[in-house]
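By written order: A, B, C and D. Residues from 1 in each chain.
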Amino acid sequence: MAKKNTPRKNFSDRFRELGLGIGRTTSGKLIDKEGHFNVIRKGIGIHGFSLYHWLINLSWIRFFVFVLLSYILVNLLFAVLYWMIGAEHLTELDATNMHPFWHCFYFSSQTLTTVGYGRISPVGELASMVAAFEAMIGLLGFAFATGILYGRFSKAKSKIIFSDRILVSPYQGIKGLKFRIANTRRNELIEMEARLMYSFLHEENGEFKRRYMSLDLEISFINMFPLPWTIVHPIGDESPIQGKTAEDFSRERAEFLVILKGYDETFNQYVHQIHDYDFDEVVFDANFKPMFDPAAGAGTVVHLDKISDFIKL
Amino acid sequence: MAKKNTPRKNFSDRFRELGLGIGRTTSGKLIDKEGHFNVIRKGIGIHGFSLYHWLINLSWIRFFVFVLLSYILVNLLFAVLYWMIGAEHLTELDATNMHPFWHCFYFSSQTLTTVGYGRISPVGELASMVAAFEAMIGLLGFAFATGILYGRFSKAKSKIIFSDRILVSPYQGIKGLKFRIANTRRNELIEMEARLMYSFLHEENGEFKRRYMSLDLEISFINMFPLPWTIVHPIGDESPIQGKTAEDFSRERAEFLVILKGYDETFNQYVHQIHDYDFDEVVFDANFKPMFDPAAGAGTVVHLDKISDFIKL
Amino acid sequence: MAKKNTPRKNFSDRFRELGLGIGRTTSGKLIDKEGHFNVIRKGIGIHGFSLYHWLINLSWIRFFVFVLLSYILVNLLFAVLYWMIGAEHLTELDATNMHPFWHCFYFSSQTLTTVGYGRISPVGELASMVAAFEAMIGLLGFAFATGILYGRFSKAKSKIIFSDRILVSPYQGIKGLKFRIANTRRNELIEMEARLMYSFLHEENGEFKRRYMSLDLEISFINMFPLPWTIVHPIGDESPIQGKTAEDFSRERAEFLVILKGYDETFNQYVHQIHDYDFDEVVFDANFKPMFDPAAGAGTVVHLDKISDFIKL
Amino acid sequence: MAKKNTPRKNFSDRFRELGLGIGRTTSGKLIDKEGHFNVIRKGIGIHGFSLYHWLINLSWIRFFVFVLLSYILVNLLFAVLYWMIGAEHLTELDATNMHPFWHCFYFSSQTLTTVGYGRISPVGELASMVAAFEAMIGLLGFAFATGILYGRFSKAKSKIIFSDRILVSPYQGIKGLKFRIANTRRNELIEMEARLMYSFLHEENGEFKRRYMSLDLEISFINMFPLPWTIVHPIGDESPIQGKTAEDFSRERAEFLVILKGYDETFNQYVHQIHDYDFDEVVFDANFKPMFDPAAGAGTVVHLDKISDFIKL
């Protein structure tokens, strides 16, 4: 009796274990091309922003432009300061006819980078004080840049590629749902785990709700990942996608969500990657072509550009 | 027979598994606003202090002031040294009427930052030696600052927000104890685990002792945490808080302790966060308002500022 | 009935759990001397290349040459720029008869390293602007080098040595397959796990396929690894290598694959190492000689150079 | 029958799971004061040495002396080079009567630190080339120092203190073996695990061998470690130390080995600590005094200097 009042984990609870909610009814992709969630968080203001996070994830070209613009901006600010103090407090060894503001600007750049040629140098207390402060700011700024640079390239950027399509192929007398992944980096990934979730719209009291179910995999863990891995969900009698057709998947706006986890030996970090296949990326009665080079001699040769190649049966 | 003499883990032992002791009878909060324990450790002297730890956890404004004051202090120390050696050992290209001590001070700053304009430069062995030493100290000091800066922003600072109140709401025919959390950072948190502990004063032989009990959760693990998560303890017949009223919680000075653990994909680190709800933060017969934007189109929009919004039923 | 259609993990599936495939029929070693896989990945172009990864794994001498050449190259590039602007825009305090190009080159080096003696300094806007840019590039470049240097030596480089041979020795009344490992670094390795795989060519429908089987170990986990560890697979009746001779191993091109995992306390990282023994590295009826120094007094003395020493029985 | 030939893990095998061997018969402590093993590894030459590892573990004062000496040495080397090129290739703005070698030495220091006042500067190709090289070496050297400095203070240095003695005290009607630990750092340690091993000399065929046995703990895991933790092995009928006296422990040269593992939230790293109690550190019929301050008001006050305080019963 006591037990009965304590509710068991029911069907709709288990869905929520993914952390994805059940209210989503839109057909837009859950996960974008870069493996991030399509979620917009509002009402948190500036607190959700992290300069470090933003700088770490910037492309290299944008990062470099950001550094360059910051450098110019800081120099301009100090140039204005020196100019207000008076350009005559920055002596020159021999006079040139440069405009005093640029005179201040280049002195600022020579101070900020601590290059300090000395052809222009501060005279008087105020100019000396500002220059002493600027040199400190310069060193801190480049200390900051050093940290960001290290953060940028010490972050494990696994690049696992997925076959474009997910296939329904013959598999050991029954059917199997198959897709293929490979590591494109020289980083050695080990202890790879894979999970496959099936998500679909389900009618409940006349309302459509998105549901999630786990699909069992033939192999869900491999020790090492030097070769491509074909991940297979055997479509047996217990599979929730048993007997489903392309029309079924389309009607229920099916999605297949892949969650990968592994350990990157080069960066000594755990890496995670998520990917989703839409209902229109399912191909029925097809099989993947081999990626190995049959003519290869002593070593094992893999053609990674063939990862999506399949033939209709 | 043999087994009987080996004591089983009893009730009061299990409390201690949290590592929190049973002797605490004060009503002060166990955990402060920043998620740290209210424990004062004495008798350990300076050995418990870590400069690195202190500098890592300083606010940015205090950290900057600390760096600036250190910079000024070191410059003053070396300025005194140069002044004692004699300001005349620091030649100037053309004389100014600055006080010799400031002359030494600015020379020091130009050496410490390695800007070295050369307008002032050391002459003679003693001044040259101190300058050579100071430049090395300067580089080491900024190497130190680089390390601290990197340490500061490479530390995963998860910012999970909690609903202000913990609610007792209807839940699947019975009652449920509910609170809500959300990730405010863009960091992607995965593999989130939650635990909920119930702590209360219990009379034992006329003495009040604080006890701890674990409360089962409907879902205690989610794979991904892009959306807010409402954590629910179903108050079934087996729940230790079955039938308790606001007066009961107040009398026994109840606390609800939340322990969260997850993996931060941006920083590749495990993050932990603890939070406690006091007995006067429990609201009976209320439910949370939705945080999702119903009018949103293709994407999922979440209003994080509504995390604490609830309605009395 | 339902269960029967869902295929159980069969024999050939279990092989694939290693992530090594079953199509490999070559006799070349699976793993090279440095513990990397002999796999060539093609068709991915430049995307698989990571400058950071490459610089991290370069030998120290090659790394230093790379830095030196980069430094010279960047200086040459800027020297060309200054020369095109006109060497006369770089004033000298007193003229020398150095060739103008080298004049530009050394000015560039003094700017890039931010040493900035000032004996040569930029005059005019264009030269000043390029110099300001170069000094920034210099600081970023050395920030980059700092990151790479830290990445290089903060990477846990466990150096576990293996006995040259794998022995078949008497073991507790039966036979045992034995090899010996030791940690050569002062790094303290803890929580060491070992796995041993047996790989062989197997005829299937007239075709040879490589198969993998796990060999049970007497001890597969040790808490601490301060002393050499002799890893033993007892060749009992259930062992797949029961009764096999040297000829059998040779005919089926047997390989013994060792997978080690541990936690490096010095670097606070998990370390993994793989090694393989070929069929011609198996020695029958032999036993390892002790590595401990019997004459040692208070402490424990281990001779790591004796790790491969064995005697034929 | 088949099963019988495959040897089960026997008694002496289980001992080896610790990785400590069974041949050690000396009475010297297994673990030194700093928690390292008393093992000397020979025959490995210089390969076992890691400069990084050595520099990371040096005391701060020795580390600073090492940096200073390296700095002086490198300056001396370059000073010799400049001197051989000819001190006259280093012009001075106005001549002083310093010895030419020191002239070279201070020029070197101004180049290595990139301070480059310019009072002394290189003239001619050879001197300029060496100076360009030295400035690069200087920057790399300080990049190296930055990495080492960061490595030094980013390494989690847990400082868990242990009670001096291990006590045999009354415990729930039977006896218990007790010791006490506390975290002296402000680092928050979580998920602490403890294991206790009992090691003793055992006569086998007239030969003494050291054996190891695990002792069950009342609590072997705590979630958080803000307060001292008294770890207890209940000496029930199944305990291997049931009924043993001080004389027994002395005769068999008993040792009690503690293995701690936890997660340091400040450094986001796993930390491990080992400690051993010798037979002469066991105190019979005693109990620890409380470490909490009874007079404390709102917060919890712990006196860490009382960790070893006990009373004889």
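The working rule: a residue touches a chain if its C-beta (ideal position, glycine included) is under 8 Å from a C-beta of that chain, and two chains touch if they have at least 3 such contacts.
Every value quoted in this text rests on a predicted model; they were computed, and no experiment measured them.
Listing every chain that touches subunit C and subunit D alike gives A, B. Common partners of subunit A and subunit B, by the touch rule above, are C, D.
Interface subunit A/subunit C: under half of the residue numbers present appear on both copies, so the contact uses mostly different residues. One simple way to say how far apart two chains are is to compare their mean CA positions; for subunit A and subunit C this gives 26 Å. Separating the centre of subunit B from that of subunit C, both taken as means of CA atoms, is a distance of 37 Å. Residues of subunit C found to touch two or more other chains are 93, 110, 114-118, 146, 150. By the touch criterion given at the top, residues 1-3, 5-7, 9-10, 13, 16-21, 23-24, 26, 28, 36-44, 47-53, 56, 91, 93, 110-111, 114-118, 121-125, 128-129, 131-132, 135-136, 138-140, 143-144, 146-147, 150-151, 155-156, 195, 259, 267, 269-270, 272, 274 of subunit B touch subunit D in their complex. Chain contact summary for the complex, subunit D toward subunit A: residues 114, 116-118, 146.
Against subunit A, the residues of subunit B that register as touching in their complex are 67-68, 71, 75, 93-94, 96, 98, 102, 106, 109-110, 113-119, 142, 145-146, 149-150, 153-154, 157, 159, 171-174, 182, 184-188, 190, 192, 218-219, 221-227, 229, 234, 236-239, 263, 265-266, 268, 292-293, 296-306.
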